[in-house]
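Got some structures for you, see below.
Two complexes come next, and they have one chain in common, chain A, joined by chain B in the first and chain C in the second.
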Partner chain A sequence: MSAPPRGTAAGIDPAAPGAEDAVIPPTVALHAPTGRSWRAFLEPLAVLLIGAAWMLYVENSDLDSIEERSLKPDYVWQKTWEHIELTVVSTVVVLAIAIPLGILLSRVWARPATPFVLAVANIGQSAPAIGVVVLLAVIFGIGFWTTVVALVAYGVLPALRNTMVGLQQVDPTLIDAGRGIGMSPAMVLARVELPLATPVILAGIRTTLVLMVGTASIASFISGGGLGDLITTGVSTQRNPVLLTGCVLIALLALLIDWLGGMATRLLAPKGL
Partner chain B sequence: MSDADPAPASGATSAASAAVTGDAAGADAARGNRGGIQLINVTKRYPGQSVPAVDDVTMTVPSGEIVVLLGPSGSGKTTMMRLINRLIEPTSGKIIVAGQDALGLNPVELRRHIGYVIQNAGLFPHMTVATNIGLVPQMLKWDKDRIAARVDELLELVDLDPATFRGRYPRELSGGQQQRVGVARALAADPPAMLMDEPFGAVDPITREHLQDSLLRLQEELGKTIVFVTHDIDEALKLGDRIAILDKGSRIAQYATPQEILLHPADDYVEQFIGGGQAMRLLKFSRVADVPLQQVPEARPEDDAAAVRDRIAAGSTAFAIVLDERRRPVRWIHPEDLDGVTGPIGTRGMPTATPIRARNTLQQALESLIQIDHETVPVVGPRGVYRGTVTLATLQNAIRDMKERTRARRRGADAT
Partner chain C sequence: MISLEGTVSFWEYLGSRRERLWFETWQHASMVFQTVLAALVIGVLVGLLVYRSERLSALATSTAGVIFTVPSLALLGLLITPLGLGVAPSVVALTLYSLLPIVRNTVVGLSGVDRTLVDAARGIGMTRTAILLRVELPLAWPVILTGVRVSTQLAMGIGAIAAYVSGPGLGEQIFSGLARLGGANAINMTLAGTLGIVLLALIFDGCFVLIGRLTTPRGIRV
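Presenting the complex of A and B:
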């Protein structure tokens, strides 16, 4: 058949190697590290190095007894781990609520409910997190799970919005094409809408994660644990090394988690987009 | 079959569509109505709108034909097409696809058996070409090997090399290639009928011509029942076996063959819609082979000059044509060229212009006639064999004849 000449005329080299090579031209790869490039791992490496260097510096400087107690490596590690737990658990809960809700609200029959749900989510976001956490502590008592509830109330909106926007921006002609060739509504959702919305939904997850890392510091006000404890200790005892260690570690953790989110966005997004 | 068609309501429509449903039924019977589509008194009314989008339409799409729904935007042509695969549910009426009552079937199941092609192809960007094409067979639970074989077969059919294209993503294809894949996807499960909604509307004119030619070639091979929506009159005339010209509310202003529409617009609306230049369009859609050619005296290089002179004198033209041993036209010869010549005429005379092929359109013939200084151009059939000659006057007569014949036929139809 006469296909190859026509292909050439249209500007696509039929002898081009694999499809993937064509998707990412080498010049682009230089500037935007992909999951397969070693450059992608420079950022987390730098973060870990800075963290280690900071800890070495702090441990080896002159510390009084309060500082020494608050900056013991075991203790700092425990707080870091609590912080990660808070972040991950609240993010998982946020996603478990926001993504199904976002899908539901993007169905034609549920559109009228959208403003109400968004208003509620807006309240959670706009109320100061610190006020919410204290109020909830009064209601539910102090501890880890109360903090998670407060974080979830705070973090639902970005994830929900991104899910809805992601689904709304799917080209309606593609949905029409899916229906037209005989896909059931569930198939259109699973095979067309969700895959095409994935990049935006993933971006929402990334935002949520970073938001959670920062906000999880307030857990220390209601004995929820986490790196916030270092900050409150540092402030109340006027020990700057303790305060700074808390701040530096939270910032580095946020960078690390943002990097992880970025990698997930790159690797999980469907090919061909 | 024809007695199942209730007479349409409006006056102008009834004459045209009654005639059409009559011979459409005949064509259907001959083909056993494999994939014909019928709309019977179909109405679509959107809530809150006083005027129905589709108002009591009755129409038969004969099996194996391309029927073009042609109309300006807002004429409801897309709505009408989407009623057939129930992307839009009709308010009332009956729709029959391939002998089955479409409204009695599960709409999802129904759509898997009607091909669907839209503007810009509507390929899913996150799936490879092969996955896109294989979607419907996959939904119909074909096994993997059968789907893979079918995908390759279809890519060949639409002139794309399977090895090159099956693994590509849509954005790595040009617009024309995407549309070819779109057509392949619609054909995947070999449906009897296909709906095409302005499929070639967003590609450049040259690619569009290519795609139209490919579709016609495919159709010769496959004989699907195709409902094709467009607002481009030239596309409609080129592709349609029949054209339905739609007015507001999907009123069918005329439903007839392209020639009939060009020669005899049913009413002012149709006339206005197809616009001026009908004669030019006729030239574009009629072939030289359909026109009575002018015959001129023939001669061979070895013929005697005196004999040729006599032949020219006896003929109606002032010259003769010299043919070679395989009857291909070579030269014109005038009596002046032969003044004082005795014996064979040899290579005297004037070389002819590049001949016109019998399967060229009249427009192409006209173009050659305008470009050359000679008034007459030879016409050749397969292998360049001489068939006759054509002049501007020949074309003029041909168009006049076409008009006469249709007028006569219309008078006959009205009388009965």
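Presenting the complex of A and C:
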């Protein structure tokens, strides 16, 4: 699949985030900004068209009874919905933990702890997602909520790191200026630091969303539902159409969510930055 | 909570499976090393081909970005159909994922080289190839190496999922743990696989810091 047009090319920062990389602080979006022209909507349109075409093709091809059962539109839709649920619920929980904690840890009195937290975040990040998921299933049993806990455990460190880095890179002279004109520390946080850190924090939301869509696909290993179920069914029953449908839909969903995240980043960023 | 009947302690488990675990750790390390090396060669070549044109650079990075956004389980699944189970799909998937950070950083590193330095090099009579090999690539190297570090860390984690398509490495421990969920040793297996990968990732990262120190040209060392 070739890359959809993404509008004008922009400077790419060496520190731009990839979907799953958080080793370098993400400061600039991976894809070039698209502006608000109609071309911004080519990508989701292409994704939806490919998805619809694939489903039409699969539903109309010659299926045996196992394939038919796993590819019923209702069932596929239910799995897609479960996948979206897993992604959204875990992203919301990750952000609800990571953003306040990141703000707390970047206050002046907590500064000594910063290198320690970042080191732990770095080490924790090298734990493989599948390991974390299975480990939690061994401890808490299988199911939807274990999956959410595992996804959150996996996603919280990059998001925390991202928030802290975002707040750290705010120009200290601006904070001093805020203090100088008589703002309280809380006001400096709310009116100087947070607005300036917004782009980085928003980029982190997008990164978290994409990370969660991908990780949610291994939820099926611990009965967490989602489109991964089609992949595992396809592999265990050796039915390629089922396997491929799972793969194609997960890939398209990830691209769609990445696009949504990118749009949100652009629309919510404070003007003037 | 889990019942501990019939299970052995984690250390006993490590001791009793020492050889198997060493073998899988070695497999994992060697798979990651080889795929990242392949991605480094391909990625730098792609970077060299596109970095002079802004359009081509944007195309290469966004294509790699699309591949990168596709979740690993999905990509592995898609590769089963043409390549079958085993080493082949794992290696191809890991190489593809490792490409993005390397391509991106090569392009950024090369286009970040100060043009006046290139002019100066041409001024003292260096050929195009000599400029590339002795001026541009050395200056871009630290940025490229950062890309390699990111790729390696990614490949470590995705390599674990590769065990699902019968790929080699420590992922086997995790999937054996999953298959024995609730049974004896499930937690030991999963823990051994997970911690083994974390350790490998840390060792590799340490090596990269060292390589970075040794290979960064003296003039631009910070």
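By our rule, the second predicted complex is superposed on the first by the 228 of 273 C-alpha atoms of A that agree within 3 Å, B and C clash if a C-alpha of one lies under 4 Å from a C-alpha of the other, contacts with A are read in each partner's own complex, and residues count from 1 in each chain.
Following the convention adopted for this analysis, a contact is a pair of C-beta atoms (placed from the backbone, for glycine too) under 8 Å apart; a residue touches a chain by one contact, two chains touch by 3 or more.
For clarity, every value in this text was computed on a predicted model and none was experimentally measured.
Q: Using the superposition described at the top, determine whether chain B or chain C touches more residues of chain A.
A: C
Q: Quick check on the superposed pair: does A:196 touch chain B, chain C, both, or neither? Answer first, second, both or neither.
A: Touch status of A:196: first partner only.
Q: If we overlay the two complexes on their shared chain A, which of chain B and chain C does A:217 touch? Say first, second, both or neither.
A: The answer is second: A:217 touches chain C but not chain B.
Q: Quick one: classify A:123 as touching chain B (first), chain C (second), both or neither.
A: Once the two structures are laid over each other on A, A:123 reaches chain C alone.
Q: Taking the superposition as given, does A:255 touch the first partner, chain B, the second, chain C, both, or neither?
A: second
Q: After lining up the shared chain so the two structures overlap, which partner does A:179 touch, if you call chain B first and chain C second: first, second, both or neither?
A: In the superposition, A:179 touches chain B alone.
Q: When the two structures are overlaid on chain A, which partner does A:112 contact: first (chain B), second (chain C), both, or neither?
A: Neither partner.
Q: Thinking of the overlay built on chain A, is A:270 touched by chain B (first), by chain C (second), by both, or by neither?
A: Touch status of A:270: first partner only.
Q: List the residues of chain A that touch chain B in one complex and chain C in the other.
A: 1-4, 6, 12, 14, 18-19, 23
Q: Looking at the complex, which residues from chain A come into contact with chain C?
A: Listed in rising order, the residues are 1-4, 6, 9, 12-14, 16, 18-21, 23-24, 30-32, 123, 125-132, 134-135, 137-139, 142, 210, 213-215, 217-218, 221-222, 228, 231, 234-235, 240, 243-244, 246-248, 250-251, 254-255, 258.
Q: Flag every residue of chain B that touches chain A in the complex, lowest number first.
A: Touching chain A: residues 85, 87, 108-113, 116, 118-120, 122-128, 135-136, 139, 156, 159-161, 164-165, 167-174, 176-177, 185-186, 195, 210 of chain B.
Q: So in the complex, the part of chain A that touches chain B is made up of which residues?
A: Touch list, chain A to chain B: 1-4, 6-7, 10-12, 14, 18-19, 22-23, 173-174, 176-184, 187, 191-192, 195-196, 270-273.
Q: In their complex, what parts of chain C are in touch with chain A?
A: Within the complex, chain C touches chain A at residues 1-2, 54-55, 57-59, 61-63, 65-66, 68-75, 77-78, 80-81, 100-101, 104-105, 107-109, 112, 143, 146, 149-150, 153-154, 156-161, 164-165, 171, 174-175, 177-178, 181-182, 186-187, 190-191, 193-194, 197-198, 201-202, 205.
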